[in-house]
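Think of it as A, B, C and D in the order they're written, each chain with its own count starting at 1.
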């Protein structure tokens, strides 16, 4: 995946697209569109909570995460790696 | 998966009640694990199965040490097994070592490597997949 | 399996005509006894039409046990539909950067377009049609998005690439679902050469970036798939597809479309068989043989009429290949079997 | 088919057809106290058949078929026909079940509350269930437990108990009055003998129970108890269910509720008596 500027917009499913049940350090997520269950650890649930249907660029997402949390490692590459996982699972789409 | 401490805040909450530290680059571990269909644990009760080496579509081919299919007569490779192995025979070898019946150690290793490489759609795959028991 | 005629269920249901009748005229099931129901449900499962039957019978007064079984079948069909549409969406995401048309085929197309033929239908692999010129890029894109070859066999691979209408089958390594990527609708070895470019040009957008064949294109493809490309295994489901497509779209322009692709005879036969099996029409000549094959299933779900089945199996290979190639193919397969 | 028998185990009806008389006679005898399928319509059809006609008599070999099949199922000799029938019935459940979340677990009930025990083969879930049944618990099943997503209740599936190897003489000694199937020696899974569940288990099989405790027993080590964190319990249970994925959202909701509502505990037990004491201790503390 190419993350060079301007880079893709990352989108999640519309509200109601996920059923989220926090378990412990893991969160169980049922993805209604695919019928699949995923177990997420942070920062994946936090990313999904911020990304909406409208979508954000990598930069905008990173800024918003930095606004909501104290990021231990605010690097674009670390976030891109997490997003790639979410894209592969189908929980996030790019355009 | 041994960490049973509950996080301070609901992990999906959009506006955290207090600022907390978030690590983006979790060390080594994936942040997403997908649940896949499972038959493995019940296999013993539902299936008595065979694994041919190689499968019928490739009968006559040889198996090299890495378990790859090679043309019949390839040097250093082994002819296929004369009979399919029982799921239970393969399970024993996978779990506790030893050799498949009627083979020596090198041939057994090649066959086991072949079985490990099986993919869906190939003869024996369902049987092999059913032997992949999660360790309790 | 001779002697089975003594069985009560067997006398109730000689063959899969029981299922065809229930699908075509759901009211007819109301008088079934327990044996009849058991046979009907078993045949429907074996023909992969239990979900379709469940939707057709929805709302009728049914025995409790039957209602429960069909309720399960409806839920399973709904989950199957969800998974099939998701697989199409993941293919769309993988192929979107290429900008080439991606046409859904068969069950996934019926479900995506909300057609009657898709209601309750079991859907297996994802089948898509892409322009032949884009095939290499499509192959690279799906390999880059998590799909892998099912069989690493060089003979099969070479055979597919040289003679078939699709890439060798691929499977997604995470989702365990297969995709068949077609560049035309019949094997290149078949005597009939449908105009794939025209099928793609006439295809209809779905609004989500994917496409389906035109209504007549769907019917022509379904008939080609049923008669020119297989041994009629699972054929009852394919014929039911055609029956639903014709009911929904009619047959205007169908003959011209069929003729354009050299598939007039299969389409005409499909329409006759639909009429014969689902509307009580009279059949003559070889059509009756086809019905014998399509309904060769007993109340225990067992395939019956082995001679008829074998004849259609041999015929399917003969249709796909010139004689010399057929001999070569069967020889290679035989040596390996 | 030539020989046939139909029965109901818990909420599930089966119809078994066979090319041979023997497996059907055995089923008919062992399941004689079980009812017929509801409305006479079985949920699943099972077929025991000869691949070739002469295989009915010449080295008779039982192929397993039915509504749901796996391509690599290998045949069994006719003397193991009862095992073939039982495996084929289990296979229909594993691949076909949609009404319930199918848990590969044994279950016992007391006062309407059920203890679920799951684990890989050899972990002792079956042994513990039968030992607890001998102590007055109601035996609900030793193979599958059926969780109803609509109600959250657990339904019993008390099929024949499949005893293996050393468990055979142990069970024969513990329940001298139990009805037993034929001893099937040297099957692919070792020696096998089927035991009919006690009359109480069969009589009460239509009564569901509320899940109260989820146990992951393991036989062989010194006694130990460890709480299982929710995520671990969730993943292990999805892997112990053959239809979790197929059930979609209903399965997700049922499973997450089960995990949230009842404690999950792993126990190691060195012998049967200790295991029973551990389970009863945990239940008393609920």
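FYI, a residue touches a chain if its C-beta (ideal position, glycine included) is under 8 Å from a C-beta of that chain, and two chains touch if they have at least 3 such contacts.
This is a predicted model, so every value here is computed, not measured.
Minimum number of contact steps separating subunit A from subunit C: 1. Taking A-B and B-C together, the pair of chains sharing more C-beta contacts is A-B. Centre to centre, using the average C-alpha position, subunit A and subunit B are separated by 30 Å.
Work out the mean CA point of subunit B and of subunit C, and you get 32 Å between them. A straight line joining the Cα centres of subunit C and subunit D is 36 Å long. With each centre defined as the average position of its C-alpha atoms, the distance from subunit B to subunit D rounds to 25 Å.
In subunit A, the positions touching at least two other chains are 24-26, 35-37, 39, 88-89.
For subunit B, residues touching at least two other chains, in rising order: 1, 3-4, 34-37. Annotation for subunit C: residues 79, 82, 174 touch two or more other chains. Interchain contacts join each chain to each other chain, per the touch definition above. Listed in rising order, the residues of subunit A touching subunit D in the complex are 19, 21, 23-26, 28, 30, 32, 35-37, 39. Listing the residues of subunit A that touch subunit C in their complex gives 33-36, 88-90, 93-95.
Of all residues in subunit B, only 34, 36-37, 56-61, 69, 119-122 touch subunit C in the complex they form. The touching residues of subunit C, when paired with subunit D in their complex, are 1, 3-4, 6-7, 33-35, 37-38, 41-42, 45-46, 63-66, 68-69, 71-73, 75-76, 78-79, 82, 300-302. Residue ranges of subunit B in contact with subunit A, taken from their complex: 1, 3-7, 10-16, 19-26, 29-35.
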